[in-house]
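You will see two complexes here that share chain A, one where it goes with chain B and one where it goes with chain C.
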Partner chain A sequence: MTGLKRNFSRITPWSVAKWAAALCIAFVMVFPIWWMFNVVFADPGVPASLNPRLYPTSLSAGIENIKQVLSETGFLRAYYISVAYTVLTIAGVLLIGSMAAFEFALFRFPGARILFALVMLSLMVPTAATLIPTYLVVAKLGWLNTMQGLVVPGLASAFGLFMLTQFMKSIPQEMLEAARLDGATHFQLYWFIALPLSKTALVTLAILTFMKTWGNFIWPLVISQKPELFTVSQVVSLFNAPLSHTTVDVVMTANLLAAIPPLVFFLIFQRQIVEGIASSGTKG
Partner chain B sequence: MKRPVRPGPREGWPTSSRVDEMQKTFWNYLMLAPFMILFGAFFLYPILSGFRYSFYDWDTVREPVFVGLKNYETVLGSRNSRIAAGNLAAYVAITVPLGVSVAFGLALLVDHFAGFWGRFFRSVYFVPVVMPLFLAATIWRWLYAPNFGMFNLLAGWLGAGNIRFLNDPDVMLYSMVAVDVWVSAGFNMVILLAGLKNIPRHYYEAARLDGATKLQEIVYVTLPMIKPVMIFVISYSFISALQVFDLPWLLTGSSFLDYGGRQKALLFPVMDMMGRGFGSLSFGLASAYGFVLTFVIVLLTAAIFVLQKRDART
Partner chain C sequence: MSSLQILNACKSYGTVEVLKDINLDVQSGEFVVFVGPSGCGKSTLLRTIAGLEDITAGEIRLGGKRINDVDAAKRGVAMVFQSYALYPHMTVAQNMGFSMRLAKAPKKETEERVRTAAHILQLEKLLERKPAQLSGGQKQRVAIGRAIVREPKVFLFDEPLSNLDAELRVQMRAELAQLHRRLGNTMIYVTHDQVEAMTLADKMVVLNGGKVQQVGHPLELYDNPDNMFVAGFVGTPRMNFIKARVLETGIGGITVEYLSDHSGGRLQLPLKNITYGAEAEVWLGIRPDHVKLCEASDAKALPLTISFIEELGDSTCLHGALPNATKLSVLTHGGRRAEQTPVTIKIDPERVFVFDRNGERIRD
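Right, the complex of A and B next:
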C-alpha cells in the first residue's frame, strides 16, 4: 500500500513532461525506420492515401518483395561484395594496425616518434583532399573495379593506430620481459601477449570499422563503377537516380536488407559501440 | 634481444654491441612495415602527387599540361564553387548550432532517467546513427516525396498545400538539415551524455542548497563542467559539416550527370569537386579544389583550437 502511495506521489507535472518528451522523441527517431519496414510489408497496390504505411499490413507481400529484390536485381551480388569489402577491411585494419601499434606503444627505436607524429598529423587532413589523388593512384595501379582497390587503400587507419597505441601503452613491460626470459621471439610477444591483452580495444575498433565500411558511400562510388563490383550503397543509390523507375517498395526492400547487418550488430554490441564513441569524445 | 622502453630500476639502457642493436630494430621496423608502406602509398604519395597535379590540366587520358595557378583561379572564381560555398556557409550556420543543441537537449533528458529507461532511451535515440547514411538519405527522400510522401500526406491532412521538400530551393536546405539532425543527434548525445555522467553529483546538490532553479543549474553547473566535451562535439560537427557529401548527393540526382538539385540549392564543395573530377574528368582542377578545401578546413580547425586555448587561459 505504501509503495503504491509513493509511486503516486512521484507523478509530478515535471515527470509527466519528461516521459512525454522522451516518448515523442523516441517516436521521431524510430519512425522513419519503422516506415521503411511497413512499406516493405504493405499490401501491394493500395495507394498511400488509403494506407499511409503506419503499420505492416501484409507479411506475404514483404516476403515477395524480398524474393524479387534478391532474384531480379543485382542486389544479392552487391550484398556479397559489401560483405567481402567489410570483412577484409576489418581484418586488415586490425592486423596491420595492431602490429604497428605494438611497436609504437611498447618499444623505442630511431624514427619512432617522427613516424607516429606523421601518422597522427594525417588525422587532420580531411578525406576530401585525399579522395581524388588516392583514386588516381588506384587507377594507376590498375586496381579500379577490383576488390583490392576497394580494400587496400583504407587499411592504414590512423584512427585505429591511435586507439590501439593508447591502449597497448598500458601493457606492463614486466610481462614482456618475463616472456622474453622464457625465450619468446618478438613476434610471439605480439601474438601471445599484446594481442590477447588488447581484446577490448580490438573489438571496439572492429565494430567502428564495420559501421564505417558498411556505410561507406563515396569510396565505392569512385572505385567500383562496374556493376560486377557494385556495393549495396551503390545499388541503393542507383535506385535513387532520376531515370530509374524503381518503385518505393523495391527501394525500401533493398534498404531494409542493407540495414539488417548494422542493426543486428547494434543489438549485440550496444555497449561497446556507445562506449567506444563516448570515450572518443571525453578522452581525446 | 630486445629491451623494453621503460627500463626497470635495476637495468639501464642496453650497452650491447651495434649488431645486437641493429637486429633489435630490424624486428621493430619489420612489424611496422605493412602499416607504413600502405600509409605512404595511399596517403603521403597521393597527397604529394595530387599537389603536383593541381597545377596541371589533366583528364587521365592525354598527357598532363602544366597550367600554373589556373586551376586554383577557376576553383576560386567559378560560379558553381561560389554557389557551393554560399550553400555550405548557410548549411553550417544552421546545422551545427541546431544539431548540437538538440543533442544537448537529448543528453539532458536521457540523463534524467536512471537505470533501464536511461539505457533504453539512449539506445533508441542512437538507432539512426547505426543506419548507414545512404540508407537514412534514401528513406527520407521517399518520406519527402511529392503528393504521396508521408510528410505531404501529413501536410494534406493538416490542410497545408503540397510542399516540394526536395524541389523548392527555399525549402531544400531545411529538408536536408532535418535529416542531418536526425542522423547526428544520437551520436553527439552519446558523447555529451558521457560528459554529463562525469559531473560529480554534489555540485548539483550544492547548487540546489543555494536555491538554484533547474535552468540555473544547467547554466552555472552543467555547461561550464561539460565545456571541453562540448567543444569537441562542436568542432567535430563543424569539421564533418564542411565535408558534407552523401546526404545532398542522395537527396538530389545522385549521379555525376545530375547533382545539387534545382538551382543548385544543394550543391556543396565536396560534391562540386567530385563532379569536376568524375563528371567532367578534370582531375587537375579537382585536385586543386581538394587542396583549397583542405586549406580552409585546416585553417578553420586551427582557429577553433586557438580560440579554445585563449579561452582556457582567461
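Right, the complex of A and C next:
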C-alpha cells in the first residue's frame, strides 16, 4: 500500500509530459514499420482504400507477397551479397582499425602524431567528395563489379581508428611489459592482450559499421552495375523505380524484407547499440 | 648460477642522467633491496636489469653472461609489478601459465607448474577466478605466482606491496621472506619504504640522484653509514643533524661545539687521529634513540622546547628545538608524555656520527 502511494507520489506534471513526448516519438518511429507490415499482410487494395484498416487482414496475402518477391526477383542473392559485404567490411574494419590503433595508442614511432592527425583530418572530408576519386582508383584496379571493389574502399575507417586508439590508450603499459617478459612477440601483444581488452570498443565499432554498411546505397550503386552483385538496398530501389509496374504491397514487401535484418540486429544488440552511440557520440 | 653484476651502468633520457656509473655485485640467492626516495632511479635500474629499458653505457652480466642486448623475455628474469599487471580477461590459472602458453610448452607441464606455484602461494581455490574477483593481496600473490611459473634465474619486484593496506603489507612482507627462503632464488626488490628494505634485505642498496650511496647489510648501513644521506634515510625516526664547529683536535678525539652559552653544547668526540682544522664546520648526526632525557641539574643538560609529540604506544617521539632553533627529535621508551612542557636532554658522544660539510662521513 505504501509502495503504491510512493509510486503515485512520483507522478508529477513533468514526468507525465516526458512520458507523453516519449510515446509520441515512439509512435512516429513505429508507425511506418507497422504500416509497412499492415500493407504486406492485407488483401490487395485494403490499406490504400478510402477506409483503410490499421491492422493486418490477410496472412495468406502477405505470404504470397513474400513468396513472389523472393522467387521472382534476385532478393535472396541480394541478401547473400549484402551479408557478405557487411560481414567482410566489419571484419576488415575491426582488423585494420585495431592493428593501426594498437600502434598509435601504445607505441611511439617517428611521425606518429602527424600520421594520426592526417587520418583524423580525413574525417572532415564528406563522402560525396571522395566518391569519384575512390571510384577512379577502384576502376583502375579493375575492381568494378567485384566484391573486393565493394568492400575494400570501406575498410579504412578513420572514425574506427580514432575510437579504438582512444580505447587502447587506457591499456596500462605495465600489462604490455608483463606480457613482453612472459615472452610475447609484438603481434602476440596485439593478439593476446590488446585485442581481448578492447572487446567493448570492438563490439561498438562492429555495430556501427553494420548500421552504416547494411544501409549503404550510394557506393554499391556506383561500383556495381551487374545485377549479380546488387545489394538489398539496390534491389529495393528497383521496386521503387519510377517506371516499375509493381503494386504498393509488393514494394512494401521488398522494403519489409530489407528492414528485417537490421530490425533483428537492433533487437539483439539494442543495449550495445545505445551504449555505442552514447560513447562514440555518433549515429554511425 | 644466477649472480648478477652491473658494471659502470649509465642511463640517460636526452640530457637527463637517470643512472650514474652504477656498479653492483649481487650474489646467487641473495635478497637485494634497492631503496631510495622517489625519482632516485631505483625502478629504472630494475627495469634495465629486466630488459625493459636499455642502458646507455656499461654492462649487465647475469650468470657471467653479458645480457645488454638480450631480449627481456630471454634474460631469465621475471618481474612483479606494483600494479600487479594481471591480464583481466584471463583466469588466475591462465595468467600464471601465460608464459608457458607462449612458449608452446606441453599442456601437462604448464598445468603442473601452475599447480605447484598455486600450492606455494595457497592459490589453489582461486585458479578459475578472474583478477577482478580477487582482493589486493590475492592479486599480488597471483603476480608472484606468474613469476614463479617462469622459473626465472632472478626475481624482480617493483614496489610490489605499495598498493596494499598496512596490515596486509606486513603479512605479505613475511610471506615474501618465507618464499625467498623456500625458493632460494636471487631476488631484487625495489621500495621507497626503508622499513620494508631493512626487514627483507640480505643486502641493501641505497640510491639517491641516480647514484649508489652505499651497499651493505641493513644493520651495517644503520650502524655505519657512509654519508649524511644514508644516515638520514636509514632508520626511523630520522637521524638528527646538528651543525657544529670544531674547537680542537687531539690524540684523544675532537672537541666540537654546536651550542655556545651551554656547557652541554660542547662535545668531546672519540674520533682519533683526525687532522681536522680548528673552526672547521661539521655536521653531527645523532639518532633520536641516542638522545636521552636527563635532569636539569645534569652538567651536560640542554633545554629542549617541544613542538609536538608522537605517542607510538611502546615509545614516544618528542619533536622540539634547541635554544639556537636547531630541530631535534628524541625517542623515549617506557615513559609517556602527553604534555608539551620543556624537557632537558643530553647527547651521548659515543653515538655521534660526524660528517664533513659535503655530507661525507669523517671516520678515524
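Some observations on this one:
Here is the rule we go by: the second predicted complex is superposed on the first by the 251 of 284 C-alpha atoms of A that agree within 3 Å, B and C clash if a C-alpha of one lies under 4 Å from a C-alpha of the other, contacts with A are read in each partner's own complex, and residues count from 1 in each chain.
Following the convention adopted for this analysis, contacts are C-beta pairs under 8 Å (C-beta built on N, C-alpha and C of every residue); 3 or more make two chains touch, one makes a residue touch a chain.
The structure displayed is predicted, hence computed values, not measured ones.
Measured by the number of chain A residues touched, the leading partner among chain B and chain C is B.
Legend: residue contacts after superposition of the two complexes on their common chain; A:F269 is shown touching neither chain B nor chain C. Shared-chain residue A:L197: touches chain C; no touch with chain B. Of the two partner chains placed around the shared chain by superposition, neither chain B nor chain C is touched by A:F167. Of the two partner chains placed around the shared chain by superposition, neither chain B nor chain C is touched by A:F75. Contacts of A:I218 after superposition on the shared chain: chain B is touched, whereas chain C is not.
In the superposition on chain A, A:T134 contacts chain B only, with no contact to chain C. Of the two partner chains placed by the overlay, chain B and chain C both lie in contact with A:E177.
Residues 174, 177, 180 of chain A touch chain B in one complex and chain C in the other. Within the complex, the chain A residues that touch chain B are 18, 21-22, 25-26, 28-30, 32-33, 35-36, 39, 47-49, 52-53, 95-97, 99-100, 102-104, 106-110, 112, 115, 118-119, 122, 124-137, 139, 152-156, 158, 161, 173-174, 176-177, 180, 186-187, 190, 211, 214-215, 217-218, 222, 233, 236-242, 248, 251-252, 255, 258-259, 262-263, 265-266, 270, 273-274, 277-282, 284. Every residue of chain C that touches chain A in the complex is listed here, in rising order: 50-52, 72-74, 77-79, 81-83, 85-89, 98-99, 102-103, 146, 150.
Interface of chain B with chain A (complex): residues 1-2, 4-6, 8, 24-25, 27-29, 31-32, 34-36, 38-39, 41-47, 49-50, 53, 60, 106, 109-110, 112-113, 117, 121-128, 130-136, 138-143, 145, 148-150, 153, 182, 185-187, 190-195, 198, 229, 232-233, 236, 239, 242-243, 245-246, 249-250, 253-255, 258, 269-270, 273-274, 277-278, 283, 286-287, 290-291, 293-294, 297-298, 301. The part of chain A that touches chain C in the complex is made up of residues 172, 174-175, 177-184, 188, 192-193, 196-197, 199.
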